[in-house]
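Pasting the structures in now, so scroll down.
Next come two complexes built around chain A: one with chain B, the other with chain C.
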Partner chain A sequence: MENMKEIILEYVIEEYCDEENDDVTFDTPLISGGIVDSFSMVSLKRFLENKYKISIPDADASPEAFDTVNKIEVLVKRFQ
Partner chain B sequence: MSNIGSYEKRLENFDWSIAEKELDYKNGDNINIGWYCSDRICEMGKANKPALIWEGLGGVEKQYTFNDIRLRSNTIASFLKDLGIKNEDRVCLFMDKIPELYIGFVGVLKLGAVAQPLFSAFGDESLHVRLDNAQTTAIVTQRKHVSKVRKILDQMPYVKHIILVDYDGSKPLREREVAFNMDEAKQVENFESFPTKAESPSVLHYTSGTTGQPKGVKHVHYSLISQYLTSKWVLDLQDDDIYWCTADPGWVTGTSYGIIGPWSLGITQCVLDTGFSAESWYKFIEKRKITMWYSAPTAIRSLMKAGDEIIKQYDLSSLRHLASVGEPLNAEAVIWSEKVFGKAFLDTYWQTETGSMMLTNYPGMKIKPGSMGKPFPGITATVLDTKTFEPITETGKPGLIGFKPGWPAMMRTYWRNEETYQKKFENGWYLPGDRAYIDIDGYYWFIGRDDDVINTGGHLISPFEVESALLEHEAVAESAVVAKPDEVNMEVVKAFVTLKPGFEANDDLELKIMNFIRKKLSPLAMPQEIEYRDSLPKTRSGKIMRRVLHAQEWGEEIGDISTLEDD
Partner chain C sequence: MAYSDKIKEIYQNQLKGIQDAGLFKQERFIHSSQDAEIEVEFPTGSTPKKVINVCANNYLGLSSHPEVIKAAHEGLDTRGYGMSSVRFICGTQDIHRELENKVSEFLGTEDTILFPSCMDANAGVFEAILTSEDIMISDRLVHASIIDGMRLCAAQHDTFKHSDMAHLEKKLQLHANKRLKVVINDGVYSMDGDTAKLDEMAALCEKYDALLFVDESHSSGFIGKTGRGTHEKCGVMGKIDIITTTFGKALGGASGGCVSGRKEIVEMCRQKARPYLFSNTIAPVVVSGVLRVLDILSQSTERRDKLEANTKFWRKGLSEAGFVLKDGDTPIVPVMLFNAKLAQDFSKDLFDLGIYAIGFFFPVVPQGAARIRTQISAGHEMHHLEKALDAFIQVGKKYNILGKTKQEIIEMYGN
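What follows is the complex of A and B.
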């Protein structure tokens, strides 16, 4: 099974970055770094829910919890 | 003591000449906003005063004095002039909230060209329709956004120049591209600002309506008069203030009150160019010792959601005045801000077309939480009957907000769309498209939009634009888009779709459609929810009835459905 962090990172780069800002790592701030805005966070949340067959309550889907791929992995694992 | 002093006294014998005198402007003089925001402040002896304190990701910081703003805007104006850009040409500013956006705006105005700021998160289609309408001559942008421009460049022969402000030489420049580094360019000491007059076009902001393409709202240099005075009396900007307007200059608040207002008053302002988080915002206020904070209800509600405990970790005692704009500020948010900051956010009501504040709360005036406040002096406002368009005299009776045309910052037309502009008036009143009522004390209370436009986080989204884009997705047969209630953003976009044969309604397809719209239009326009339907409610003539879906979404009465087609 592919590493969860790599799958999420690949998705973030594919969907939210372009050729000029694709140097995103597991620790790159996504929300506070302006790569993923608060509206787009909804689509990222939806991706995680579809991919990992989980439901992330809105109260837990905070900008802080989505700020890096590392943090997102922790969040997803909490609801698996 | 606040700048406005007594609101009631200001109403007596009010005249916009108050601002004209303070700005040393007389009817018929040249008036150039770019010059007022830079050269004039330097001439007033504030050349070395900080004008912009900018912070980007990772705490990267840049500071510019008013003399720096003067020199750099001269340099930008001169650079554009050398490219052949002339007065009244449209120059699009398509950037994040970086210094080049703020100072570039001033430079474009000094040249006499029309500044056309566009939100940097716009997708290529949103960008294209706006550039096409404006017949834009040049686009100033960054490497991270240039790919969206390149994608549509073949369809835009009128775009002569694409100016990259952060070109690093790592990849070759492409067709029509040119590099310009604001900080490293040889600074131009003297640049004669174009002798624009009161009615010369200055700024072109785009806004969405119920139908048709986005409309370019044309503003003129005389808008300075009301932007200056409202900044002084409502935002209460004073010489030693450290001001933070959180709005993006891709939208009107970010230019009227994120550039023109503060800089024409010679005020130091701070900009935080990172994404939102409660922690980073509070940290910024503490670090920069922000005294005046102009923000939006969505942000305030997000801060409320983050809780009160986090606030205790920061020293926010520098804050002396708070205001809000973008959508109605709910009473809970006003009460909360009083509790946690010791000050209430003052709600201000205005829109892209009005160019400056219209109904607002004032320092020193009693606040009724949830109310938009009262008309700014010089603004004749009322609530009109929806059928006769006569002012309603009965207290508390809902109607349409109406303003008597003629205030300085009022739009002059919709760019290349005078017909739609004329439709904004009834019986001599300008209609902003909102419903409200006036209470016994003369306070205005917002009720809702009078059309289908979706106000999400203070940004207006046209359902028509999203529906049209949805139909371009290979799986979508029909679409209807309405507002859905949202705790933080007030409203978000919700789409109802029917699918073409061969496509299966599932979660993966929903995500694909969401991302399709996000990239094509913008994250704001992306439906936060897509509901699959076998059919959509239509009239017998085949028109999709959005209002039926809207009513279902809001738990309201559906109303007359006699024209609904039979199943």
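What follows is the complex of A and C.
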């Protein structure tokens, strides 16, 4: 099975980045760094829920919890 | 007293946080009417200084036009000052309906409903026409008022990369099973000055049976051959289902906005849009002014033609001087500086030279994309633009950024 972090990173680059900001790593601040705005975060949440067959309560889907790929992995594993 | 020291401290700390982050906004007092030249008190307490204004939304130079002022006076004399009622009780005059009809005619739509502002139009329209079975798919750079409107609406939402039609198509496919799909975007983007690909969007909306929404606040009156807006420029008049726009920019610059489009959608707003239902509409004095503005624009394209010529001169001048600009052909011309402090220092130096233009930086624009946003007007005469260009070049030389690439500017000042 492909590494979860790799899969999330691939989605983030595909969904949110262009040639100007595609040097995203596992630790790059996505929301506080302005790559993903909080309004667009919803597609990432939807992707994670569909991909990993989980449900992330809105209260847990905070900008802080979604701020890096590393943090997103921790969040997903909590709900698996 | 409920306003205890503890409560006061909470607000003081929050305000300090805004100040410490360099995000504290301060108003600058203008001691004249809105025009190509204005008298600005800056810093507060200083003697007002006459400067050339290159940061107003006064695209057509109509904010202080004598005919508009005269019409507003007449409106005040014949219809009074205020309505003291919402529209559906006793707050609708004949001139409100006259303006709605004239706006429909001007934009080429079926019907129009006035709102106190375009902010209110955007805040009210989505909730009035969509339910939780529907999806709103918005461009990632839409105006804050649209985002607020979408947040107030029970429909689901998704976004697509700015002006990326392939990404939009994927999202339309992803949400194919929703009851209603609405594609949402600005006609002209206020920070970058680029224009929406409305022709491609209209085709995609037709293909996937989606509604198309456009905020024309930075387009109405001057984009397109006769100034009807982005839909005229893109050849899709009559194909936009929902247009929102403002009378607070090119169309006289006072206040007010509207939703214009399909008859049933406008009627849904009249029945359900909360900013329409629960606040007074536009004051008679402003309605009278806007009616005159639309007459002026329907009689001649002189003002939008002059704006186009001024914009070409300004873009060419800045580009030949060696500034990095955002591509486009609208009167919004962003001069890219990338670094927030450089943008602020540049703006201050311009002011010292008699030019009023503001620096924009994160979070108003993306991180590392700080800029001076210039906005050209039909009210500018050539001598205004020449003086402003000279000042930009002088300050550009001071910071050694003329002829430099984005990368070189970032290497010098950071981003």
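We take it that the second predicted complex is superposed on the first by the 80 of 80 C-alpha atoms of A that agree within 3 Å, B and C clash if a C-alpha of one lies under 4 Å from a C-alpha of the other, contacts with A are read in each partner's own complex, and residues count from 1 in each chain.
Criterion: a contact is a pair of C-beta atoms (placed from the backbone, for glycine too) under 8 Å apart; a residue touches a chain by one contact, two chains touch by 3 or more.
It should be emphasised that the depicted structure is a prediction, and the values quoted were computed from it without experimental measurement.
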Broader residue contact with chain A after superposition on the shared chain, chain B or chain C: B
First, second, both or neither for A:F39, with chain B first and chain C second: both
Touched partner set for A:N50, first chain B, second chain C, both or neither: first
First, second, both or neither for A:E64, with chain B first and chain C second: first
Which superposed partner A:D18 touches (first chain B, second chain C, both, neither): both
On chain A, the residue positions that both chain B and chain C contact, one per complex: 18, 33-34, 37, 39-40, 42-43, 46
Residue numbers on chain A that touch chain C, as the complex places them: 16, 18, 33-34, 37, 39-40, 42-43, 46
Parts of chain B lying in touch with chain A, wherever the complex brings them together: 57, 96, 121, 143-144, 146-147, 273-277, 279-280, 302, 305-306, 456-457, 507-508, 510-511, 514-515, 518, 523-524, 526, 528
Partner chain A, residues of chain C touching it in the complex: 138, 140, 147, 150-151, 157-159, 161, 362-363, 366-367
Parts of chain A lying in touch with chain B, wherever the complex brings them together: 15, 18-21, 29-40, 42-43, 46-47, 49-50, 62-64, 67
